[in-house]
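Naming follows writing order (A, B, C and D), and every chain is counted from residue 1.
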Amino acid sequence: MPAQKIVSPERIFFEAPREKKFLIGNEAVGEAIKRANVDVVVVYPVTPQSEAAHVLGDLYAQGYIKDYYRGEDEFNVMSAVAGAAMGGVRVFTATCGPGTLRAFEMFPCWAGERLPIVCAFMTRGVNAPLTIQPDNIEIGWLADTGMLIFHAEDPQEFFDMILKAFIVAEQPDVHLPVGVCVDGFFVTHTREIVELPPEDEALPPYDPSVSPVVTMDMETVPVRHMKDPFVMKSNYISYNAHASWQQEVRAAAERSRKYIAKYMGNSVEVVHPEAEVLFMTSGTAAAQARVAMERLREEGIDIGLAKIKVIRPFPDQEVMEAAARARTIIVPEHNITGWLAREIKSRVSDNAKIFGGPRVFGGMTMPPEVIVTETKKLLAERGGHLGLRRPLVAARG
Amino acid sequence: MKLDVRMSGLGGQGMVTAANLLGMAAVNDGNYGIVIPFFGAEKRLAPTESYVRISSQKVYEKGEVGHPNAIMVFHPEVITKGKCYTMPFYEGLRPNGLLIINSAQPLLSPEDARTMAKLNVTVLYVPASEIALEVADTELATNMVLLGGLVGATDVVTLAGLEKAIAQRFGGAKFIASGTTAALDDVLKRKYSKLQELLGKNMTAISKAYDLVKAMVSEGAPIAGRREVTCTTQRA
Amino acid sequence: MSTLLGYKHDYKVRPGPETYLSPSAAAMGIVLPDEKQGLIEGSIVPEEVAWEEIAKKLLAAKNPTLFPGPLVLWAWSESAVAKATALLELVAEVPGMKIIPMPDYRPKYPMINPAVEINPNHPNLTIWHNEIDVCAFAGVHCHFANLALKIIRAGTDCYTIALCGQRGHEDAMITLRDVHAAEVRELTETIRKIKKG
Amino acid sequence: MEALRVSPGYEKILPQEYQDLVADGPFGRDLSVKDLGTFKELIEEHPLCAGCGLGLSIRLVVASLPNPENTVIVGTTGCNSILMPQLAMHNVHALFGNQNAVASGLRRALRLRYPEKNKDVVVVAGDGGVADIGLSPTLHSWFRQEKFTTIMLDNEGYSNTGGQESGMTRQGMVVNMAPLGKKFAKMPFHEVAKVANCAYVATVTPARARRLGQMVRRAVLVAREIGPTYVQIFCPCNTNYKFAPDETLEKSKDTEVTEYMTPEAQALIESIEKKPKAEKVQS
C-alpha cells in the first residue's frame, strides 16, 4: 500500500482531484474502505456481497485495514464489530438479505449502544423459496432499528456514501450506526464509471474521546461502568429511563440531519421539480425511473423524479415539499412490501395521489419499459379528473 | 450513439470478460459503458449471459438487456439445444439489429431465420472457436474473436480502446472476478509465459475477426440489413 | 417519539413537570447551536447572550447546584483537571451554590442517597430531595446528560443548564457548546460582572 | 491509575464508596483471594438471591484478576448480568449468547489501541450463555485462538428465566422444560474446550476459593500470551434446586476440580509463578 496522508473529510469529499475508474459496486466498497482509515473489519461472505468481503481481506493483507477476520455467522460478525467499536476503534462490515435477518438482533443494539458502525447492505431477497437475487425488502425492516439508513443508486454513490457515513456516524452528537444500502447485483455486480480521489489520502482516524458514551477500555472515565446498564428493575423509574434512552437514540438521528446536509447535500434529489407527475423512489429503481422519465417526457408527459437518498432520518420536509407540487406521485420499488410508498404516504397529507408501484422483486429487473407502460395506464385512468394541462398519451386501447 | 448488447453462451466461455472488455473499451474511448453480468449461482457450462450498454451519454439503466441491438451467441447449443437464459435466445432483439453466432455454418432453424428476416436483422456467422484455436492456440480466446466481430460490424468501440482494455484487464492490476473466472484467468496466464504474449494473442484474435467482418462489408455499404453472412477463415 | 400531541413548531424547552413522558427536544425540531452560539429554551443565541442568561439564572436561584460528571470528577487528562478547577471557581462565585456529583451512570442499587449524588437514570430523585431550582451539568457524557436533562424536564420544575464540552444539549433549557476551562472562566467573569451590576 | 484519580478539589464531594475505591481499591496492587477483607472490593452490593453461588463466584473471580485496572469483563444475559451493573470495572452486556464474539472484537480493538499495555478481556457468563445459545461464538473464538479467557458460571440451568433445563443440567433432573427429567447427559464442556484448542482448561468450585483464584489468574495470564483459556465454575442455584441458602457451598463441592494446560501454557505459568511477586509486570 502507498503511504497515506491524513487529510480532511472535506478534501476527500469535495476538493481532491478524481480519477475515472470502471468498477463494480463491490470494488467501490474496497476503494472507499481504502481511504476510510478503518481499524477492524469482521465479515461473513454472502452473495452478492462476497467480492466486497474478499476485497476487504486484500486490503487487510496490504495494510489498509489493521485487523480482519472471517466471522462465524452474521449475528456474531455484528457482535464482534460491536465489541471492537466499544473498544474505541473504527469498524466496517457488510451483509445482506439472509445475513441481515440472521444478524438482526444486533442492529437496534448498535443504535442503543450508540456505536458509530458503518455497515453496507447489498440487499437481496430472503427465503423461502431460496433466492440470491436483488430485492430490497430488508431496508424496510432496517428502517426502524434506530440506525441511519442511506440508499445508493450506483457504485459512485455507494463509494461516496460509505466514506461520508463514517464522518456523519462519528459526530459526537450523532454517534449512531449507519447502514449504507444498495440493491444487490444491480449495483454490486454492475460495472460503471466511478470517480475516485487519490488512494494515498485517507480520512482522519476515529477519535473515541468525543464519544457521547463510555469507551470500554478501562482508560475512559468512569471505570465503574456497564455497557449498557440494565434499566430493568420493575418500577416506573426504570421504564422511564429506558423510554428516555430510546428517545435519545432517535434524537441523535434527528441531529444527523445537519451533517447529512453538510456532507451529502439534499436528502432528496429532484429532477424537473415543476412537473405535475413525479416518480418518487430510491436506489436503482430511481435509475430505471430516470430512463422511464426521459421516454415519457419525449412523449409529452410532464413528469419528474425525486430520488430519496436518505431513508433514516427520513427527509420529511424535503419529501413534503417535493410532493406538494405534484398531482400524481408514482413510487416504483424493488420489493413486495412497498416500504417506501408507506413512508411517503405517511408524510403527505393529500396522499390519495400517491401510487405505490410498479414493484418488482425476487430478482426481477424493473425494465424502464414497464414503468413507462404502467405510468401511462395509471395516467390514462386518472386523466379525467386530474385536470391535466394537456391530454395524456394513453397506452390503453 | 447507443448500443445495447446481450452475450449468450455457456459458463466458462468468457461472456462476462468480453462484456467487461467492451465496457472498458467504451470508457477508454471517452464514452459511457455499463456492464452487467448474469446474476446466478450457475457454474461452468451452464447457460450464462452478460450485458453491456454503451452510449455517448451517461447510462443509468441497470439490469439485463431485454431489448438488445446486438446479440452475441458464444456457443451453437445456445440455439440448437436452447441452452439459453433468455428463451428464445433472440427474444427482444430490436429491428435492424445484429446477431453474431459462433459457428462456421448457418444453424438457425428456418422458422428462426424467417423471424430474423422479418426484423431485418443481420445474422453473422463467425467460426470464433476455430479462429481462436488457430491464432491464439486456445478456445479460451473465443470471446476475443467474437468481440472483434462485433466491433468490425458496428465500430461501437475503437480497436485502440479495446487494446487498452485488454491491458487493463490482464495487465496485473487488481480486477475483481468471480472464482471461476479467476481460475480461468490463471489457466490463460499459465499458457503464456509472458503477459505480453497473452495480450498480443488476444489482440491478434480480435483483429483477425475484425478484419474478416470488415472485409465482408462491401465498401461503404452498411452491414445492417444483410440477411445471413458467413465469415470463413482461409483454412475453413 | 413523543407523548405530546402538539405541533412541532413553537416548542419551547422550559421547566416542567412537562408530561408523562417528555419528548426529546430534537424530536420537537430543536436544533443544536453552531460554534460560538448557545441555545436558550430552544432558540439559538450568540454565546455571550447565553452566558449572561446562565449567570442571571444562577444568581437568582434559591438552590443552585452544579452536577459534575465523570469527565471532570476524575483527573484523566489535563483539560479535564483544568475544566474541573474552573468549575470550582464558578461555584465559589455563585452564592449558595452546591456541588452534587454524578460519579457514574449505573442505576443505583439498592437505593440512591439523593443527598450526595445524582444519577442519570433517576435524576429527579436528587432534584426533589435537595429542592434544586437551578442546576448546571458539566462533564457528563452527552448520551447520559441528555437522558438526565429530559427526565428532569419531564418530572420536575428545575431549570437546567448544560456546560457541554462537545456540541451542547437541546434538552437543557440553556446550553453552551465547546465549554472547556477558558469558557467556564468567561462564564464566571460574566457572573462577576452581573454581581457588580 | 489515571481514570481513578480525583480532580483536585473534588475529593470530599465524592460519595463515600468512591472515596473508598480510590483509597482502598485493588487497582494496581496485585491482590488475590487471600487479601479479601483488606481492600475495597470491585463488587459488593448485588441483587442476586441470598446464598447465590454465582454471586460468590463472581466476587472471587474479580478478586483474582491479575490486572483489574486493565481488564474489561464481557458478560451476557443471565443472573450474572443482574449483578454486573454494580461492578466497578468496565464491563459489557451486549446480547444473549454473543459474548465471545463481542470479546473477540473488543480484545482486538484494545490490542490495536494499547499495544504496550496488557489489556485483558475476560468473559464471565452462565452455562446457558456459553454452552447453549452461545455455543457457536464460544467454539469459534477458541478455534480462532482468540486471546481471552472464558469463565462459565455453571449453575446447571437457566436461573434468571425461572429454572429451565440447560445443556449443563444433569441427566434425570426434573426442572422446568424437562418435566420428565432431563433426557441427555450434562455437556462435557471442559472436554470440548480441550478439543477446541484451549491452552488452559480448569473446573473448580467457589468452595475451593483460593484454588479458584489461582486458576482464574493462570487462565488470564495464559490467555494474554498464548491463546484461549477456559474456567468452568460449578455454582448450583439454591433457588431453582431448592436448597437452603446456607447449603450452597456444601452443594457446590459436588464437582471435580481439574486443571489442564498445554506444555506451552505450563512453561509460562511456571516462569511467572517462580518469580517473586514484586517483579511482576504491572501496567
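Just so it is clear, contacts are C-beta pairs under 8 Å (C-beta built on N, C-alpha and C of every residue); 3 or more make two chains touch, one makes a residue touch a chain.
Quick caveat, the model's predicted, so the values are computed rather than measured.
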item	value
Those chains which touch chain B and also touch chain A	none
Leading chain pair when contacts are tallied as C-beta pairs	A-D
Approximate Å spacing (C-alpha centroids) for the pair chain A, chain D	40
Chain B and chain C: spacing of chain centres that average the CA atoms, whole Å	69
Between chain C and chain A, distance of the C-alpha-averaged centres to the nearest whole Å	35
Chain centre separation in whole Å, for chain D relative to chain B (CA means)	64
Sequence positions of chain D contacting 2 or more other chains	2-4, 18, 85
Touching two or more other chains - residue numbers and ranges from chain C	73-74, 76, 80, 103, 106-107, 109
Contacts with 2+ other chains: residues of chain B	none
Chain-to-chain touches, reported pairwise for every pair that qualifies	A-B, A-C, A-D, C-D
Chain D residues touching chain C - in the complex, by the definition given at the top	2-10, 13-16, 18, 45-47, 85-86
Touching residues on chain A, where the partner in the complex is chain C	114, 171-173, 175, 210-214, 219-222, 224-226, 229-231, 233, 237-238, 240-241, 243-245, 247-248, 250-252, 254-255, 258
Chain D residues touching chain A - in the complex, by the definition given at the top	1-4, 18, 21, 69-72, 74, 81-82, 84-85, 87-95, 98, 101-114, 119, 136-137, 140, 144
Residue ranges of chain A in contact with chain B within the complex	20, 22, 24, 26-27, 47-48, 51, 54-55, 58, 132-134, 154, 183, 185-187, 189-193, 284, 287-288, 290-291, 363, 365-369
Complex contacts: residues of chain C adjacent to chain D	68, 72-77, 80-81, 84-85, 88, 99-101, 103, 106-107, 109-110, 113, 116-117
